[in-house]
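In what comes next, chain A is part of two complexes: it sits with chain B in the first one and with chain C in the second one.
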Partner chain A sequence: MLGDGILKGMAETARNFFGSYVSKDRLTTVEYPEERIPTAENARVFPFLVYDGADWEAGLRCVACQICEKECPPKCIYIEKSADKKPDYVGKPQFYPARFDIDISVCMSCQICVEVCPFEAIKMDTQFELATDDRFAGLLEDREKLAKSNEYYHSIHPTEAAEVDARLAEEKAKVEARAKAAAQAAAAKASAPASASAPGAAKPSAPPAKNEGGS
Partner chain B sequence: MIVAFEAANSFSANLDQIFIFLRNWLVGFLPAAVQPAAAVVLDVIAIVCVFPGLFALTTVFERKGLGRIQNRLGPNRVGPFGLFQPIADGIKSLTKEDIVPLSANALVHFLAPLVLVVTVFMGFAVLPMGRNMVLVDMDSGLLFFFAMGAATELSVFMAGWSSRNKYSLLGAMRAVAQMISYEVVLLLSSVAVVMISGSLSLPAIVAAQNQYSGVFPHWYIFTPWGLAGFLMYAIAATAETNRSPFDLPEGESELVAGYHTEYSGFKFALFFLGEYLAMFSISGLGTTLFLGGWSAPFSFLQFIPSWFWFFGKVMMSIFVFIWMRGTLPRLRQDQLMNFAWKFVLPFTLLNLLVTALWHFMGEGWQRWVVCSVILVAAYALMGTISLRGRHIGRRSYRYAE
Partner chain C sequence: MTVVESKSEKPAGWNRPPVIAPDGEGELLEVAMGPHHPSTHGVFRMDVALDGERVVRLKPVFGYLHRNHEKIAEGAAYIASMPYTDRLDYFCSLTNNWAYALAVEKLAGQPVPERAEYIRVILAELTRVQNHASSIGFLIQEMGASGTPLMYAFKEREKILDLFESLTGSRMMCNYMRFGGCRVDISAPWLDATRKVVAGLPAFVDEFEALLSTNEILMARCQGIGVLRPELAVNAGVSGPMLRASGVNYDIRKVDHYGIYDRFQFRIPLGDHGDIYDRYMVRVLEMRESIKILEQALKDIPAGPIMDAKAKLRGFRPKPGEAYGRIEAPKGELGFYLISDGGPNPYRYRVRPPSLINLTILEDMCLGHNVADVVLIFGSVDIVLGEVDR
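Let's turn to the complex of A and B:
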């Protein structure tokens, strides 16, 4: 019959029209500023620096090795190495970044800095509401702005952060075990040739230091 | 009891005429010599305020309705439920730059939206919007209305021609071809009403329908020829106002925006306004011709003011326009022309014959049977002929898949 397709179509649209008032699951719209969907666990926006403990300045994992600065394809990272050193998580003295800036107007969220970092110090953030009316200074993040706690890292990427923590703990245990072994060996050496002269006593202190440097 | 009934009656009668009383009261402050002119000016002001106000409401309800049809929310940010959206839209279109192309004919380009809005507003002059609520009670009101309706085609072509843009011109060509084709149908479907009521005056046509058998009104849509005429009128009206599925003149997929491609800012807003006003006026005429104008749908509902019924019916028609827009895809130009000349026009001509038959068969049940059978048989026959040899259903692909 001529025209029944039109009537069928009109019935379908009418069903949608009234149905959208009756059943909530027809409307898939999320009214963004008021309501929002939680971001996916592997979402990534821009990088941030992880710190341990309560003090961001003391706990910063970054050792200013500048690998990320060199690897960054759009060159959005700027690092100034410190003159002095401070102890890292295993207690070894390391350099730290006196300045660490990321220009997020240049950053392309490629995550290469995260891939290359040997110290698990830089990770991807999920914070995306970064609009600002100052397009130069407002989009240039310094190390204070970039520093976020390990707890925050756990809250945004729980699985990944747990893996990182496990890896770091393993590393630390290894270093400690090695230091212990070295110390024991040194003690044994020291006790065995106890009759030896003074220059022998100076020697054992050197190997552990070398070990740590290699880790 | 009777006193209470009469009081209620007179109250509803007063409410019915409230706008007339208001106008007369306002005019009463002026000297007698200028009173008739002042009354007309007040009427015009009322029309010029009410219909753009309805236009503003319709734009937001259309967007919300289309959203709901597509299971979206529609605009809901500006004001409660997004009701102030038209204000934001108005500010936007007022503050936009008004661009006139360098090679355009500036005068015609400027005049086109004005001609559209002015001629569309003129159409409202003869529409009875309630009991005694008609600006000019013209004896040939219907003719005047169609004369003004035809002038909108002129403005569309002015816009397309003066823009000096291929899309504008193509859109205007399509618009003129479409509007002239469907103008014929629009007129001929209205002629049936004129044949039965015997008058070109719109208030007289409403008066002829404002009678009741029992509780049911004598609206023309409740007769076989009236229903057929109304359907043809509705199709032609949709095409006349360039509404989907007949919105080829502004088919954005092929013509950018058709004849108003080169319009921006407030001139574009005027085109937009003109299109919606044309929708209101053509719905108002359809209401007047077939749906009993301002008369109540049941005799016991007559206590509700007549203007309420008129505007209610117009808004219902607008809702159907929006509903169709949300349902039907756009036609192709050849389909549009074939539909006008090979289906709608012959059927409207047949309807004229049926109307004459209805008139000459006189009262009785026989004319109901005969007229219905002729119209249904013709519809079925034309349907079978036009669908013959055509496979309608899921499209099959030869090489894809």
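Let's turn to the complex of A and C:
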């Protein structure tokens, strides 16, 4: 009969319409600003810089190696290396970024900077409500704006952050063990000057091999 | 490649292009449909010459969304092009990733672990389901059914995109495949969630079909409209559901044996008439076949590494040579042709986009039909302008 197909389709819509009163599955709309779906744990928006401790400037993990700047596909990162060095989390003196800018109007959230960073210094944020009325300065984030604490990192990506912390702790322990061994060797020699056993003089390990599965 | 003979009765002359005889009264009316016509899926123009309501001439105009993808890729490291491939066909970023990864793996002779192959198949078939569902939704939207079928399709697409987001971090710009594997391993909860979504897909396709397949308006608007003859389709290099709707048995998953598609039982749905309705039906049936592949892949996914131990992210320099990697993307044959001179970036990088090549026969399909049918025929090609213009 002509019209059968239309009636069949109408029955389907009616089933969905009345079903939306009884079944949560059929009611899919979320009224966004008032109502929110929690973001997925792996979600990524724009990068930020992780710092340890309370002082963002002293605790920045970034050593200004400029790998991310080189690897960034749309070239949205700008880094200026510092003239002096500061000790990093294992005590080795390192450069730090005197300037670290990310133009988030150019950034395409691809996460390649995170994957190539050997120091676990740059990670992806989940903050997406970034509308601003200043399209130039408002979208150019400097290192103060980018710096976020390790606690914040733990709050947005708990599983990943725990893995990173474990990896860093392991590396630190390895460096300390090596420094201790060097100090013992120096003490055993006894003839060597005492300054050789200072922890800063121990040769720190190479940057850890990046685990692809972790990021 | 075989052209399957139709068994059903067809009206005489169904496979001949309509004869156009201007009646000599008045002049042809030239209309520019697009680039901002609501039905053009983005920025695309059709310069149409009309005799009354009938199309006499149609000239597609591309290039409004050209972003210089190929040249940018030639100046960038191999891995840096991976996020850009997401932005070609932004409905199916994971299949784009796969095609590019496949080309580079061929170029560098890079093996891929078994688990990663399974993950790729699962993601590609999920992509195919959501692409076909939403492309049918858009087709019906262009028919004038504003909203309902499209929203039904998007409801299901949403579940699949949620899976993509929880795995890759992004809903559409996934940037997930790497040369020699995948970026993140899938977790047990993710697998369970995927099994749940896949278990709900057959019910969705049933509902979708009950809503649409026998609808008299849809049949009246689609059957016999925009017929694409198999000879023309083969000669023009058309691929994907478009080609199969014309009755040509050609699916790269079966022909090329890339990945691990040899291990799965699935069939290739073929059309009979090559009209819009056949394209619609082929897509529906392909969704069902994809669900079959998904069920098999989710059943026997092995444990193991997801990245080859020798795979390199930085400092990747394949030996000099050339490679062409192609896959059956939801829209057709998506290929990447790469030439390496041994440097860190490709010497030549070329995309073979299915959308663009499927669009080249638009005029042949549209001649003699009404303007309203042009919109439908265009919708049935299933294109994404990001891939057409690159």
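Before moving on, here are some points about what is shown:
Following the convention adopted for this analysis, the second predicted complex is superposed on the first by the 164 of 215 C-alpha atoms of A that agree within 3 Å, B and C clash if a C-alpha of one lies under 4 Å from a C-alpha of the other, contacts with A are read in each partner's own complex, and residues count from 1 in each chain.
The rule is simple: a contact is a pair of C-beta atoms (placed from the backbone, for glycine too) under 8 Å apart; a residue touches a chain by one contact, two chains touch by 3 or more.
Because the structure is predicted, anything quoted here is derived from the model rather than measured.
Taking chain A as the reference, the larger set of touched residues comes from C, when chain B and chain C are compared. By the touch criterion defined above, A:109 lies against chain C but remains apart from chain B after alignment on the C-alpha atoms of chain A. When both complexes are overlaid on chain A, the residue A:2 reaches chain B and chain C alike.
Contacts of A:12 after superposition: both chain B and chain C are touched. Judged by the touch definition given at the top, the superposed model places A:20 against chain B, while chain C stays out of reach. In the superposition on chain A, A:43 makes contact with chain C only, while chain B stays out of contact range. Within the superposed three-chain model, A:67 lies in touch with chain C and out of touch with chain B [touch as defined at top]. In the superposed model, A:28 lies in contact with both chain B and chain C.
Once the two complexes are laid over each other on the shared chain, residue contacts for A:186 go to neither chain B nor chain C.
By the touch criterion defined above, A:124 reaches chain C but does not reach chain B.
Comparing the two interfaces of chain A, the one with chain B and the one with chain C have residues 2-3, 5-6, 9, 12-13, 16, 28 in common. On the chain A side of its complex with chain C, the touching residues are 2-6, 8-9, 11-13, 16, 28, 40-44, 67, 71-73, 108-112, 115-116, 124, 210, 212-213, 215. Chain A meets chain B in the complex at residues 1-3, 5-6, 9-10, 12-14, 16-17, 19-21, 26-29, 31. Against chain A, the residues of chain B that register as touching in their complex are 65, 68-73, 76, 323-324, 326-328, 379-380, 382-384, 386-387, 392. Only residues 76-77, 79-84, 87, 148, 152, 155, 158, 162, 165-170, 173, 175, 178, 181, 183-185, 207, 210-219, 306-307, 313-314 of chain C touch chain A when the two sit together in their complex.
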